[in-house]
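In what follows, chain A forms one complex with chain B and a second complex with chain C.
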Partner chain A sequence: MSGFRLNKSQEGDLLKISIDGHIDEESAFEEMTLDGISTIQIDLEKVSAINSVGIREWIKWSKSLAGVSAIEILHCPKVVVDQVNMVAGFLPPNAKVQSFYVPYYSEDSGEEEMVLFKRGEHFDENGVNPPEGLKDSDGNEMEIDVIEAKYFKFLNG
Partner chain B sequence: MSAAKKLDPFESQIMAALNELLSGKDHYCDPLNPFYDLDLEFLVRANSLPIFSKATIEDLFGPREEVKSFEIWKLSDKQNLLDQVQVAATNFGMNNTLIEDLLACADELITNSLFNAPFAQKVDRGIKELQIPGSEPIRMEISRGQNEVLLSCTDPFGTLELEAYFRKILSCYENGIADSINYGPGGSGIGSFMVVERVSSLIVGLVPGKRTSFFCRFPTRMSSRKRKLVPKNLLAFQRKEST
Partner chain C sequence: MSQFRVTFSLRYKLLLLLTTIPAVCLALYLLMATELFKKDKIAYVFDSSVAVSRALSVQTRLTVQSLFDAVKPIVESFDYGTRRFPASAEKLFSQSSRLKALRTYLKGKDGKFVFLGTLVDQQDERVVKLSQDQKIFSNAFYAAIADQVYIHELESEPGIGVFSFRIDREKDQSQLIVTALVDVEGLESSFASNGLYDSYLWSPKNGKLFGSEKDMDPKLLSYLGSLPEGTAEHKGTNGDSSLMSYSRLGLSDIVVISTVSMNKALKAVDVLIKKSALFFIALIASTLLISLFASSQLTSALRELFEATAKIAQGDFSVRVLVRSKDEVGGLAESFNWMAEKVSHLMSETAEKARMENELATVKTVQETLFPADNLSDPRAQVVGHFQPASECGGDWWSYTLIGNKLYLWIGDATGHGAPAALITSAARSAAALVESLPEVQPDQALKMMNHAIHQTSKSKINMTFFLGCLNLDTGEMVYSNASHDPPYLLRKPDGGKLKKKNLIPLMDVNGFRLGEREVAEYETAKVQLNPGDQIFFYTDGIMDIQNPDGENLGERAFLRSLMKAVNDGEDPSARVENLKDDIEGYRQNSELIDDVTLFLLHFGPIENQVKVAA
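This part shows the complex of A and B:
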C-alpha cells in the first residue's frame, strides 16, 4: 500500500483537505460535493511522492474542483513543486500556492534542509525574497539547492 | 496540440541525445558528464560478454563497493520494495533530494516492468492484484561506486521496443508533458520521461525475449542544483541471444 489518505473537513464555506502519502495508481481520489463551498484549502505537507500515474489522477481530480472561487495550496513539497513546473495545467487556473518548500544545501557539510517559503513573506507576484543567513550544524552558510529559474517558474504563471 | 514549445538548453541537450539514439547510434555521452568514461566502459564490457542476458551488475559495471538486491512479482509488493530501496539509499549516505529522485525512478521502472513488460495489451492501472507470469521475478538493484550510485531494474521478458521507447520520451519534450499524458487505458505515457529528467545517465540493455534492463546513474556528494546541471548520457545496448 502506498499509504495514500485524503482527509477533509468543512468550516462554513471553506473546505479543508489534507493529503498524505504517495500519489500513484492506488490513490483513491473521491468525488467532492462542492455545494456551499467557495474556497478549498489543500494541504500537501505529508505528500511523500507522486508518480506518473499519480499526476494523471491528480489532474483529473483537481479539474473537478474548478467550480469553486479559489483553491489555496499549502505546504507544497518539492516533489509536487517539480510537477507544477513541469506539467502545464497541474494546478487548476483558480489555484494559488500559498506556501511551498525549497531545499537548501551546505557544500561544506553536505547537510540539507527544507525551508518553507510563505506568500507575502518570502514570495509574491513580483518575485522571491529568500530568507538569508541559513546555517548548517557547523555554522556554514547554506544555499538554495535548485536551479532558481526552473524551480520558481510557477510563480510567474 | 499546443503551439511549438520553447526549449531550454537542458531540454535541447536531451533531445539531441535522443535523436542520436533514434538515428541508430548506441550512445550519446557528453564529456562534461562525470560518468563519461564509466558509461562508455559499460559498452565495452557489454560487447565483450558472451551472454548479456544473464550478466550481473559487476559483469557490466565492474566491482561495486556495495550492492543491495530486491525482487518483485506483484503490484501489491511495490511500496514494500520502494521502502527497502529507500532504506538502502539512506544507508549509502545519500542526501534526501537524491533519494527522492532515485525513488521516483525506481517507482516508474517497477510500475512499467509490472504492467508493460509481460503483457501484449495495455493493462488497466486500477488492477491491484496484478502479478507477472512466468518463473522469474523483476529484479531491482541499488549499488554504490566511487561518488556515484546505480539503480537497475531488470525484467525477464525483453519486450521493450527501443525505438518506440525513445520516440515516446522525445515526444514529451517536443509537445510538453501536459499534451503527452494518456487519459485512456494503460499508463500515463510520461513515466519514461520522468526517469530521464532525474538521472545523469540512463543505459538501456535489451535482449529480445530474454531481458530488459534499465541502469540509472546518479552522482553522490553533489548538490541537487549541480546534479541537475550535468548534461545527460544516454546509451542503448541490444543483442539477440539464442541460448
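This part shows the complex of A and C:
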C-alpha cells in the first residue's frame, strides 16, 4: 500500500499542492482544473519513495500542469532529486526547484542529517553554496553524503 | 481415497437410538408406575378389607345385642313357681321374628344346672326337630357357662344358628344359661363369600362361628394382634399370597377376619400391565415407523453427500447435491456445494497458474538468452556481469557486443518488473540486434531507433531507461548516450592508491528521454577517454532498493561503499563483481527483492598480473 495522498489549496492565483507517501502504480493523481491559476507550488517534503511506474504517472500528471506560468517545487527529498537528475523530462520545462534536501553524514559518529538547500541562499543558477561548518552532535564535521557532481547536476539546467 | 465400507450405517444407528431410548424410558416408567399402582392398590384393598371386617363386626355385634334384648325380658319373666314361662313371655317370644327356640338353665347353689323351661316355634317343624337335638346346643351351653357370648351358624341348616349367653343374677347369686335357635340369615349372607372377600367370625375357644364355605387357614390367627383392628399380608401353604384384615367385636374375644387373594386384589394391576404392554408395543411400533422415516430422510441426504465426496475424491468436481432442507444437513449440503465450487475454481486456478508458471518459465528461458552467455575476456577489455530478477523474469537487460574494435555496452531498465517488463527487454534486445547489424551506428542513433521500437511495442505504457556506450578498444575513447538511466561510474584509481568516493565519476554529460516515452526522441552523445586500468561500473537502480530482513533499503552510501570495497579488494573484474555480490547478499540475507538487480563491470586494458579473466 503506497499511502499516497495529494492535498491542494488555492490562494488567489496560487495553487498549493502537497504530496505524501509513495509515488507508484497505485498513486491516483487527480486531474487539475487550472482556471485562474498562474503559479503552482508543489511541496514534496513527505514523498517517501518513487518507483519506475510512479515516475511514468508523475510525468504524465506534471505534463498536465504545463499551462501555468510557473511551477515551484518545494522541499524536494533525495528520492525525487535522484529522479530529477536521472530522468529527462521529470520536471516540466516551467518548473523550478526552490528548495531541496541534501544528505549529510558524519564518518565519526555515523549521524545523518537532511539539510534543506534554498534557492538564493544555498544555490542559484551559478552554482551551489553549501552551508558551512555543519557538525554532528559530537562537534564533528559533517560531509555531503552524495556524489556532488551527480546530485547537483539538475541545477545546471 | 481409500475404499471405505459402511459396516453399521448411520441410519441403523439412528434407528436404534430413536427406538431404544423411548423403549427403555417407557419400560422404566411402566415398572415404576405398576409398582406404585400395586402398592396403592394394596393399600386400598387393606382399607377396604378393614372396612369390610369392621362392618361385619358391627353387624354381628348389633345382631347379638338385638338377640340379647329380645331374650332377656322373656327369660327374666320366667315363673319359678309354676316352672313355666308365663303367657306374656310366650307372647314376646312369638312376636320376635328372630327367636326360633329357647332353652333356659339355672345353676343351683350346689353348682348343678337345672333345666327350667323351653319355648319353641311349633309352627316350624324344622325348628321343632332341631330343638330336640341336644348336641346342637352342647357347645353353646358350655360357652355360656364360661360367660362367653356364642353365636354359631348351623352349616347343615341354612338360616338357623345357635345363640347362647349367661345371665348373672345379683339377688340370689344364681346364674341363668340361655341357649336359643335364632334366625341368622342376615349374618350368614354377610359372611358368605362375595367373590372377592372371604370373611369369618371366629372365636379363640370355639373356632369358626360364621364364614365362607372355604376352610379358614389357621395361620391367619397368628396375625391377630391386640389392637381392635389390623391388617397383614399372608402367604398361604399353597404359595398364594393374600391380604388379611381383622376387627374385634368387643364380645368374648370374637373377631371378624376377612381375607382377599392377592391375585384378585391386584387383578386391576394385571389389567393395567397388560393394557400398558399393549400400549407400549403400539408406541414402540409407532416410534419405529417414525424413526424409520426420519432416519431415512436424514441419512438419505447424508448418503448423497457421502457419495458426492467420493466422486470429488475421484476427481469429479462437477458433482453437486440437492439442498432439501433448511436444517444443519441442508446447511452442510449448501456448504458442500460451495466447497465443491471453490475446489473446482481452485483447481482451475491451479491449472491456470501451472500453465502460466510454465509459460513464465519459458519466458525466463527465452529471456536468459537475451543476456551474454559468457563474460568478455579480451586482452583489451574485460566485462563481468550479474543479473537477478525480482520475479520469474525481469525488466532489466544488459549485454555487450564486440564488433571489430568497437565494444558496445548496453544496459536498460524497463518500467516495473515481471513478464510485461520482460517483453520490453525482448523488444530492446531485438532492436539492439538490428543496430548491431548496421555499420558504424553511433549510440545516439541506436537509442533513437530503440526508442521507436519500444514505443511501437508498448505505446508509452512501458518505458525503459537505457545507457549505451561504444568503446573503441584501440584508443580507449568511449562514446555514450543516455536515456534517463542511472549514469555509470567511471572508476579511476589513483596511481597505486585505493579507489575513493572522489574517484567515482558519473558519466552524465548527456541525457535524454526514456525509451518508448515518446514516439520520436533525439539523443546526444558524449565522449570519455579511458586509460588502461580504468573501469566503468554499470548498474540499475534495483541495487539500491535491496532490503535487509528489517525492510531497510541498502541506499546509495552503502552501495557506493560496497562498490569501492569490492573494487579495491578484488584482484580482477570477476572477483570484484563477486565481492560486490557477496556484500549485498550479506545485507539482503535472502530477503525478497524489490526490483531486478543488474550490474556489470568493464575493465579497460590488460589486468595487472593476470591475463585471463575467469568466466
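One rule holds in what follows: the second predicted complex is superposed on the first by the 157 of 157 C-alpha atoms of A that agree within 3 Å, B and C clash if a C-alpha of one lies under 4 Å from a C-alpha of the other, contacts with A are read in each partner's own complex, and residues count from 1 in each chain.
Just so we're on the same page, a contact is a pair of C-beta atoms (placed from the backbone, for glycine too) under 8 Å apart; a residue touches a chain by one contact, two chains touch by 3 or more.
Bear in mind that the values here come from a model prediction, so they are computed numbers and not experimental data.
Asks: Contact-wise, after the overlay, does A:E45 reach chain B, chain C, both or neither (first, second, both, neither)?
Replies: After superposing on A, A:E45 lies clear of both chain B and chain C.
Asks: In the superposed arrangement, which partner chain does A:V146 touch: chain B (first), chain C (second), both, or neither?
Replies: A:V146 sits against chain B and chain C alike.
Asks: Which partner chains sit in contact with A:G3 here, chain B, chain C, both or neither? Use first/second/both/neither.
Replies: first
Asks: Between chain B (first) and chain C (second), which, if any, makes contact with A:R56: first, second, both or neither?
Replies: both
Asks: With both complexes superposed on chain A, which partner does A:G89 reach: first (chain B), second (chain C), both or neither?
Replies: both
Asks: A:H22 in the overlay: touching chain B, chain C, both, or neither? Say first, second, both or neither.
Replies: In the superposition, A:H22 contacts chain B only.
Asks: Let me test your reading of the model: by the given contact rule, A:G110 touches which partner, first (chain B), second (chain C), both or neither?
Replies: Touch partner of A:G110: chain B, not chain C.
Asks: More residues of chain A are touched by which chain, chain B or chain C?
Replies: Looking at chain A, the partner in contact with more of its residues is B.
Asks: Hey, what residues of chain A end up touching chain B and chain C alike?
Replies: After superposing on chain A, chain A residues 25, 51-53, 55-56, 59, 86-90, 103, 105, 145-147, 150 contact both chain B and chain C.
Asks: State the interface residues of chain A toward chain B in the complex, per the touch definition above.
Replies: By the definition above, chain A touches chain B via 1-3, 22, 24-26, 49, 51-53, 55-56, 59-60, 78-79, 86-90, 103, 105, 107, 110, 112, 143-147, 150.
Asks: Which part of chain A faces chain C closely enough to touch in the complex?
Replies: 25, 51-53, 55-56, 59, 82, 85-90, 103, 105, 145-147, 149-150, 153
Asks: In their complex, what parts of chain B are in touch with chain A?
Replies: 2, 8, 75-76, 78-79, 95-97, 100, 103-104, 107-108, 111, 125-126, 128, 176-178, 181-183, 187-191, 193-194, 197, 221, 223-225, 228-229
Asks: Could you please specify the touching residues of chain C with respect to chain A in the complex?
Replies: Result: residues 395, 413-416, 463, 465, 483-487, 501, 504-506, 508, 511-514, 517, 556-557, 560, 595 of chain C touch chain A.
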